[in-house]
Each structure stands twice: as C-alpha cells, then as structure tokens.
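Here it is, the structure in full.
Chain naming follows the written order as A, B, C and D, and within any one chain the residues start at number 1.
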Amino acid sequence: MPRASDQARPRRDPGSTGEPGEVEVRVRYAETDQMGRAYHAHYVVWCEVGRTDLMRGLGTSYGELEERGVYLPVSNLEVSFRRAAEYEDRVRITTEVEAVRSRSVTFDYELHRLPDEELLARARTELVCVNADGAPRRLPDGVRELLRGRAVESP
Amino acid sequence: MPRASDQARPRRDPGSTGEPGEVEVRVRYAETDQMGRAYHAHYVVWCEVGRTDLMRGLGTSYGELEERGVYLPVSNLEVSFRRAAEYEDRVRITTEVEAVRSRSVTFDYELHRLPDEELLARARTELVCVNADGAPRRLPDGVRELLRGRAVESP
Amino acid sequence: MPRASDQARPRRDPGSTGEPGEVEVRVRYAETDQMGRAYHAHYVVWCEVGRTDLMRGLGTSYGELEERGVYLPVSNLEVSFRRAAEYEDRVRITTEVEAVRSRSVTFDYELHRLPDEELLARARTELVCVNADGAPRRLPDGVRELLRGRAVESP
Amino acid sequence: MPRASDQARPRRDPGSTGEPGEVEVRVRYAETDQMGRAYHAHYVVWCEVGRTDLMRGLGTSYGELEERGVYLPVSNLEVSFRRAAEYEDRVRITTEVEAVRSRSVTFDYELHRLPDEELLARARTELVCVNADGAPRRLPDGVRELLRGRAVESP
C-alpha cells in the first residue's frame, strides 16, 4: 500500500542523542512481562530502532530504500542479556556497523541503562539485501559506501 | 512484497474449535505485563484472530482479499474489560458480524476464559473497505453476501 | 520480582516535548503491518506512553504507584482512527485528564502526525484503581489531586 | 499481583499437536510487517510458546515454577532465519532440550511452515535460573530431572 502522504520526515528519532548511532528509548509498560522486566524479544525491536536511527543519521533512510525496491530482512540474530531493563528505565542503544559485504551488512549493538551506564545487553544482527521478490541482490553503491564509512571492519 | 510461496493454507486456525466464529488462544508470556495479567492491547490482537478465523470459516480469507486489492483497516475500536486474562489462560474469542454496509463491516466479540467460561471482555470493531491507495471502495459482492449471511443486523 | 536497582529515573520520556501531556514517538518497523501502516493495536500502546508521560510531568510516576500497591488497569478503551500512521512517521500524543472519580480516571488522547499536524486518531481510556489483589480501592489522595488539577471536568 | 482465580488449566496449548515439544501457531496480522512477512522478533515469541508447551507436555508448567519463586529469564538468544513466514501461515515449533546444567537450561528450536515442511528458522535460547530477587539459584531437582530426561546432551 503506497504512502498516503509525502510529508517531509525529520531525519532523527525523538530519542536521538545527536550522535549518529546513539538513540534512547524508555521502557513502555507494554514491554514489561510478569517477571517485572522488559520481555526479552523487545531488545530485538530496540536494535531495529538503533540501526534505523543510525541510517537516518548517515543521511539515508531504510524507508527510502524500500521505496526503491531494496529490502534488508534480518538473516541472523544474537543477543546476550546481562541485566534486566525495567519499566520506565531509559535505555541507550549504541549501534555500530560491524561489516559490510556486497549483499549483506552486520550491525553490533550495546544497550546501556541511563543514567548509570549499566550494560544491559550486547547484540548482533546480520541483514541480507533482497529485492521485492525476495531474491538476493547487491546493496546499492551509495548505501554500501555510507555504511562502509562507518564500518569497524571493511573487507 | 509478493508471497515467496503458494502452498495451500488450511482454512482454520490451530485454535479453531470447529464452529465458525469461535477460536481459542492461550496467553503467551510475551503478552503479560508486570501487573501479572495480559496487557490490554493484546485483546485487540485476539479480536483480529477472531475475525480472520471467522472469515476463513466462511470460506474466504482476509489474505486473499488483500491479494485482490481489497483492504479492511480498522476505523473504530471499543473494548470493555471485565476480568483479567493471565499467563497460560485459555481464552475463547467468539466473533459475530454485527452489521454489514456497502463500504464497512462491524464485528462484535466476546472473550471468555476456559474452562470456567468467565467473561473477560466484550469488544467491537468497525472496519472500512479501501483499495490499495487507501481510497474507500465497496466490499466485493461475494464477501458482503458471506458476511450478511452471518449478520445479526443486515440493513 | 523487585527492582534490581534503584537508580534515579529522569522524569520525562526521551520523546517529551517539554509540555506535560505531550510526547512524541516515531513509528517503528516492528509496529508496521503488511498494509504498510502502523498496526492499529499500537495506537493503544502509544496512549499508554502518553498518560505515563503526563503523570511523570505532573511529578508522580505510575511505577511509583505500583511500588505503593496501587494499580490502574484499563477498564474501557475506545479508539477512532482517521488517518494511517506509517513507518518512520513522527506521532505526537496529546493526553488530557477527562474526569477523575474516587476510584477511576478517564484520559482523552489525540494523536497527530508531525510536522504536518494531521489528526491520526482520537482515543479514550478509563482506568480503575485496584490494590494488589485486584480489589477496587480509592485513588490515593495526592494522585487524585494532581490529576484533578489537570482535569477538563472535575465532578 | 496474585492470580484472581485458581481455575484448572488444561496442560497443552490450543495448537499442540499431541507430541511434547511440538506446537503450532498461525501467523497473525499483528505479527506481519510492511515487508509482507512476519517481523523477525516474533520468532523469538514463538520459541517461548514452544518451550512453555514442552514444559506443560512434561507435566510441569512455567507458571507453576514462578508461583514457587523460580524464574527462568533468557540469558542468550540466537536465531538463524532461512525463509520468511507470512500472514496466515501455519508454523510448527519443535523444541528440544539441548543441555541442562545446575543453574541453566538450553533449548533448541526448529520452525517449519506447514503443510510443506519448509524450514523457516533455527534458534537457541539459554535460560538461567534465578529467585525472586534475581539472584542465581539451582533449578529445582524435579524440574531438572524432567528436563534431563528430554535432553540431547546431559553432562
């Protein structure tokens, strides 16, 4: 379904700290579980918030990629949980480009609780580039260069 | 993004009781909150499970409608909560077609806990029929007739 | 499960605009559905973000209420959808206290897309005050007064 | 918040196939994203459905463990995605106990689409045993024995 509107979208998230790759969320009640902590699958969503904010910070947007027929589904996911995030906690997601390949990109994440900077979790996601039919394709050159400029490791 | 596969899909939900309009879910841990009950927004999702199971039971499918360019977004939503659903509770969703109009349909829901039949909530959703551009359109005749055959009130 | 930590929590949400009762979210990819818009149940979560931010803005916190054994489950919920929110859209939630009674409180919400100020939805939730056993109880006096000071209608 | 009721709960999930460790879900519209597939974080929830159904099938229940003050938060999570699950797809989750240690347990998962048995994803979660304060503790003997009886590897 095409967009109903074409309004400009400010580039960064309401929780952006100003630094590309740093964004902050606050744990919603909806995200808690009966153990009294944020349910673990929500960390996976926060990683998505982190990498899309990083991409906006680099001057592109995942939404614009999709409008060009370029999709980046997650092919692999790892999360290591250290401390529980709880209701109303502020959580800072720091996202780094770990590696960029012709048809995939890997992001690393660290999640810290604020203001005490306690490490909550580390995560890594690999995303593969596909077209609208789900067939593998190369990352567009411009996007690959933007991400490579941020990559820790750029083979 | 088109479907990657075209396998046949059995018509009813794993939790279908056999009766069109009756389907059962079990409360997932992911759906609990720190109050120790199912977070209220999940009842809205269960209503979606109820109406899509009803449509499959009537011999159509919401997924097939979308493939024909017919969309039914929710335009109005009401939920009245009576008792809390809790982790591992079985919940039966009973869905009725309340009214069918040329461009919209209203469903009513009752959610009961099993096996004690305690009423957990009543709900109502109005859905409007739109095309792929979001513009209002008439419900396809076949779908309207199927739904009217189930309607409590059919003006 | 008690909190693992007691760190101070800044009072407002990362998306707070500074005005009590106004907070902003950005639509996450996780919140979209295959219709290409935010799935309707997420508006219900955004309303929760709105009222908890309002309470923090008034100098209290829903989390602190629960630590005192005071719970506010939602007993009634209505949402009227006007326009679809889409991926990456900024959404401002404006929350007002509609009415405060001895054992319940009603909040009204308006959701606007930014920056074009398009009205996306109006909503209303009624919350009832219960203790840890789920039995009805009076709102604590301090909280009732805080909310009444904001109420449009204060019988 | 204690349970408001004590009704008996049937041991297995509505989607249980009868075999301990096999349970079926159907992809909900709420679980799709605008790529037209199930959003990846929902696979993590389906794994939770798988392991809690396995535990019920073995004659215990995670809910009962919590009532005894025994909690099993997820400490590590890996998911490898092969094929996309789509709206209305039936997904069978097969859960195995990979290893049981004194204070933790590791589950392996395979998710297949039905009826064509296409492999959608493999996953692994490690859960650690903690008490109500979040402090590490030993798995209760009875639970450890039940899980060990199912374990692929039992050091």
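Things to note:
As a convention for this text, a residue touches a chain if its C-beta (ideal position, glycine included) is under 8 Å from a C-beta of that chain, and two chains touch if they have at least 3 such contacts.
Being a predicted model, the structure only gives us computed values, none of them experimental.
If you compare C-D with B-D, the chain pair joined by more contacting C-beta pairs is B-D.
Judged by shared residue numbers over all numbers used at their interface, subunit A and subunit C contact each other through mostly the same positions, with over half in common. Greatest centre-to-centre distance from subunit A is found for B, with centres as Cα means. Overlaying subunit A on subunit D by C-alpha atoms takes a rotation of 180 degrees, rounded in steps of 5. With centres taken as mean Cα positions, subunit D sits 26 Å from subunit B. In this assembly, the C-alpha centroid of subunit C lies 32 Å from the C-alpha centroid of subunit D. Looking at subunit B, residues 1-2, 4, 29-30, 34-37, 41, 45, 48, 71, 84, 87, 134 sit in touch with two or more other chains. Of all the residues in subunit B, the ones that touch subunit D in their complex are 1-5, 7-10, 13-15, 24-26, 28-30, 35-37, 45, 48-49, 52, 56, 61-63, 83-84, 86-90, 113-116, 118.
Residue ranges of subunit D in contact with subunit A, taken from their complex: 34-35, 37, 40-42, 44-45, 48, 66, 71, 73-81, 84, 134.
In the complex of the two chains, the subunit D residues touching subunit C come out as 1-2, 4, 29-30, 32-37, 39, 41, 71, 87, 132-134.
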